[in-house]
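The same chain A turns up in both complexes below, where it pairs with chain B and then with chain C.
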Partner chain A sequence: MTARTIAGEFGSDGMIRVEASGKEGHLASESTRDGRNSKSVALSAFAGEVSTEQAKTPLISIKDLTVGFPSYGKTTKRAVNGVSLDIPRGEVVGLVGESGSGKSTLARAMMGMVPPPGIVEGGIVSLDGLDLSTLNEKQMRAIRGRDLSMMVPNPRSELNPLLTVGRQISNVAHEHLGISRKQAEAKAMEMLRSVRISDAERRFNAYPHELSGGMAQRVIIAIALICSPRFIISDDATSGLDVTVQAQVLELMSTLVRDRGASMLFITRDIGIAAHFCNRVAVMYAGEIVEIADTQSFFERPAHPYSVMLLSAFLHNPALRAKWTKKADDLSGAAPLSGGCPFRFRCVRARERCAVEHPKLSRFRPRHDVRCHFPVGTPS
Partner chain B sequence: MTSLLEVNDMSMAFPLAGSKKVVQAVNAVSFTLNKGETLSLVGESGSGKTTIGRCVLGLIEPTDGTVTFDGARMGGNRTIRSPSLRGRLQLVFQEPAESLDPRVRVGRTIAEPLRAQKLNRADRDKRVLEIARRVGLPDSALDAFPAELSAGQQQRVGIGRAIVTRPELIVLDEPTSALDPTARAEIIDLLIRLQGELETAYLFISHDLSTVRYVSHRVAVLYLGMIVEESPAADLFAKPRHPYSIGLLSSVLLPDPKLKGRPRIELKGEIPSPIDLPKGCFLASRCPFADTHTINNMPPITTVERGHMVRCFKHKEIAEMDYTSDMFASFQAETKRVLSQGVEDN
Partner chain C sequence: MTFIRYILRRLLYVAPQLFGIILISFMMVKLIPGDPVVMMLGPVASQESIEALRESMGFNKTLLQQFAIYFGNVLHGDFGTSWQTTRPVVEDLVVRFPATLELVTLGLLLAMLIGVPFGVLAARHKSGPIRRFTDYYGLVAGAIPDFWLALVFVYVFYTIFHIVPTPLGRVDMSLLTPPVVTGSYIIDSILIGDFEVLGSTLGHLVLPVLTLGLINAGPILKVTQSTMERVLTSDFIQYAELSGLSPRTVLRQAVRNSLPSIVTIISVLYGFLIGGAVLVEIVFSWGGAGQYAVQGVLNNDINPVLGFVVFSAVLCLFIYLVVDLICFTIDPRMRA
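Right after this comes the complex of A and B.
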């Protein structure tokens, strides 16, 4: 489920015009951003003018989201387990954790694209107060790419190899903004320039295989941003890039996000990116958010033993690192979940209480929550 | 003392199908590597790191220059595959999962290089068990298939397979870049420990600078197949002299929000094509110090300090500007402070 799929879905025609007058209350205004014409504003029109009421509701609100992957003869594995997260306008939240912690599944669930056999077992994702689970697939498609968009890793495998870059970018604008092909192409060209692809006129007609990794990644960014979405998910979208290119791409993303007043969920394995690019950092382990805090507070006083372990991986001090690291005994590293704290098998601070009582996310410091019975920095 | 590995003026060009042009992947590279030492090759993708590694192992023959291992030239019938060298040179790959046969149990994978050494079965099994313990695999892992292991454990198998013959030189081609940071730290510790025990020389190919600083004795920075700076590791990070090294170092995002907004050189644009190499300094198109002289002339290699070589006309100018704050060192100090909080009550 990727940009290619998303772009493919935009191809089916006419869906944007559905319910142009449905959804009472959401069509407050005909005036839309970026000159969108009125018939295409169906589901994003509630962006029109921000009333005081709306300013209070977070742009994205996730409540108790749970995603399960059923398997034969075994219990369902919960990739995302009761996650709640509010992201206000203009905020960039970094989501970090090891592979398999549920970061990508969370992102897919927010887009309404959980890969089968996974199912959303419960919880709500709402965009500006609109519960996305109440929408049908057609309506969801109209939102994806326009209000919500997602950038994926491996840019080259996600682009359609048979279409030129310009075509792929302009398709999105043509379908979502209800503008003519010509206008969409002009907009795509403008977008290519704003992601600072050198020689944009020539690249516009290039096929994905003719681009370097860094350039292909910029095309993905152009596709994700062309409709000025209000919420962007980046799923490890910069990890395949060289450091110098990554620095450029991050700079670019933050400028574009800032200029357009969008919010972002930035998923990464690289806690270094989170430190420099995000307002808040959330740490995920075994499908749960185990710590969430303002970036400064997080790096100054990481409270969950898992967060500390993640940070200690960057420390060139094996003795001190060993004090924060414990290896799980079983081979796969995945511990069976039977109550208690799922991290206890790898936790250096685990006590009896951790085996019986599942910790709740609770306030550690101002704007700093942690899910641990014995957070670091408090006597255990 | 002669070095274990000597690479002299080595160049490698690949012909381009359908034209008379070539891809100049490596350009006049020279370096040496001693027993028990780690030399890291760092640079962006396309800088020729992996090609150098393959030339060193004799897997491809350089178009120019020589590779000498233990006093004799590599190439022809003297390669990693040839019987006389078998087991003395080894290679560890980037993608642990892809470099292991999914249908071969781990124990057999580790034993594979020993087959050529005609050990009897009991000795071989003993050796495999010893190696598995040494690389930190549980005994039960020997009967497992690669898919049953985590990525970190799979990479331990890859390393176990490499050290089982007690090689003198291991080429490690991005051994940690596919791993999570926690697994990466463990693998790096393992490699450092093994080097202490076995005195193996490592040619460590990586683009991950914070790992490189920790693991290497010396570092060579590559740009478009050319070494632009080579120096003892600590020196390079504290006093980089080439604009490209500075740009590379300042692009690294260390996990500490306070290390932001330092004076830095921003490298614009992308690496030029290795098919039509620039006439003068390779970095001129991206370098803020470039002028007509550097655009038209190739800078010579200059030794700025003992063991610290740089290929730049403006290195004196750059040395006078203050790029010397070692962000990596201050990060280590700060992280140590943060992680020492509360460590005593664990």
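Right after this comes the complex of A and C.
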């Protein structure tokens, strides 16, 4: 019955969804399924070591995080608006959403480095129960790159053009691990090999401009992973790569993350990648998480109209896209921060209630929350 | 090796560049109105003597012919004679050019020592007393004429406090100038171990160097600041911070990435000041190359002007080569 409703919601024919998810599913069934198996194995092995109390605290816990960008003469723009998110050990959470939805700002805020003039207005980010806001800059710096590291997009511009890649990787190890420069270089070399850079000895002394995009991205991965961090944020780190290289890099990333028992927040604009790669998917819109669910549940029954819109855009099906996409009269002027659902101007399901009452994130199904008064699949 | 190939390729361009520079400056100097012969012989000279001198100096030939003769002489190292000093231009410049170089080099060194650190500081402080100071400094240094500052310094430190030697020339007049080896009095006096001359030279250098240093620190500060600001907000510096590198490491990287721009502005100032320090030279009766060239222009004394232009051009080409080599070492992308 439910499947029918969604199919009805989704498109005129249920085939679209089946076909699309089937296409996705093939790749996924190979990589994700056994990927998830070994992930859960790794997780349980990890859980065996830690005390029960530790196991209960999520590795990363975000509570009501709000980041504002003051704009003169106007109200403060909230790039991140009361986001709460718990990520347990060994879990990969995908964070999807369009440009400007606050994904990257959330990531930077977690690292304690909100790009100016933004300020964290409230909320707590804790790593393994440790409230990061209580740390001073020096303590925070010790955590950055070591326990909490970040992979960034555009590796070409994120690497210093004047330093060899070996230097840039070993710098991080030298800084955080208290090892000599020589040891750090040896470790960097080892890291270059483990991110499967061919001819590592030669690449070690190469400069970023001498590397291809894929190679440079591997260097970024090496930098992010050299200190074996407990938590990794990948901020759209593969979007600049072409599809085959992207697949290789993703595969590599997931293996490395899994092998190290780390957790990950995987920010992407490509919802398909999230399907392959993540245990859970969170969708962000206008600074809020509008839907968060186990990957399977999310792709089976996307509940927020925005999620469905994202999916329909991804499926390249004009009819489906037309059904779920609405052109707002003026998107930039719309979407006030208080009162009502910020998505209502673009929502095909918007009702009067949406204009007055801001929806709360509420349980839709087990392990599946949505922030919508009229989730897809419910009568509206 | 790429390095040597690069230098050779650069040197290949020097000859045509010099030819172009000499051609253009020759023609432009010739365009200056006024007749050098009249200037040389004075207002009471007879028409015949004027014609005769004109003939003997080759001024009746076409411009191109004159240029060909001049260029041929230059190739033999003959830059002609200055009718004002009645000495060969080369002999004059050999003394005067090092005087200017010594002054300008030390001035720029001081400017660098002030401008670069303050530029870096300014880039790191978006507000506060340091930023206010550097903002004002950049503005004031850009607004104050160097000769005015020089005069104020002379008034304060010489006229009132008497703590600097008489601002006339490069060394005390009662002392013998050291034999010309490099032309720099500092180096030459050290070479012969004459510390009296060295002391006097340094004393005479204080005010003009201070003037040039303080004024030219302005542009260096501004360029350093803007470059550093750009680098500090660049993706790779942000990523270095995201990786938890210490502020010292990050700053060192940022300064290193700013160096090419800083070196470039210093080189531009260097080339500019060879002639541009002339007003300061005049205030301190420095007897430098800039003063020599300006006298030449004012008195229709063509040869010193052209000699100065060629000497400065060679020096500039040399400086730019050095700058390129420095950038070459700093930035691996240039080696590609």
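Please note the rule applied: the second predicted complex is superposed on the first by the 323 of 380 C-alpha atoms of A that agree within 3 Å, B and C clash if a C-alpha of one lies under 4 Å from a C-alpha of the other, contacts with A are read in each partner's own complex, and residues count from 1 in each chain.
Quick note on the criterion: a contact is a pair of C-beta atoms (placed from the backbone, for glycine too) under 8 Å apart; a residue touches a chain by one contact, two chains touch by 3 or more.
Everything numeric here is computed off the predicted structure, so don't read it as measured data.
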| item | value |
| --- | --- |
| Fit or clash between chain C and chain B when superposed on chain A | fit |
| Touched partner set for A:377, first chain B, second chain C, both or neither | first |
| First (chain B), second (chain C), both or neither touched by A:300 | first |
| Partner chain(s) touched by A:160 [first = chain B, second = chain C, both, neither] | second |
| Which superposed partner A:275 touches (first chain B, second chain C, both, neither) | first |
| Contacts of A:348 with chain B and chain C, given as first, second, both or neither | first |
| In the superposition, chain B vs chain C on chain A residues touched | B |
| Touched partner set for A:207, first chain B, second chain C, both or neither | second |
| Which of chain B and chain C A:321 touches, first, second, both or neither | first |
| Closest approach of chain C to chain B (Cα atoms, Å) | 9 |
| Touching both chain C and chain B, counted on chain A across the two superposed complexes | none |
| In the complex with chain C, residue positions of chain A that touch it | 111, 113, 115, 141-146, 149-150, 152, 154, 157-163, 171-172, 175-176, 207, 209-210, 223-224 |
| Of all residues in chain B, those that touch chain A in their complex | 44-45, 138, 140-141, 144, 148-151, 153, 180-182, 184-185, 189, 207, 209-210, 213-214, 247-248, 251-258, 260, 266-267, 269-270, 331-332, 335-336, 338-343, 345-346 |
| Complex contact set, residues of chain A against chain B | 98-99, 198, 212-215, 242-247, 250, 269-277, 295-296, 299-302, 308-318, 320-321, 323-325, 331-333, 348-349, 376-380 |
| Chain A contact footprint on chain C (complex, rising order) | 234-246, 249, 253, 256-257, 330-333, 336 |
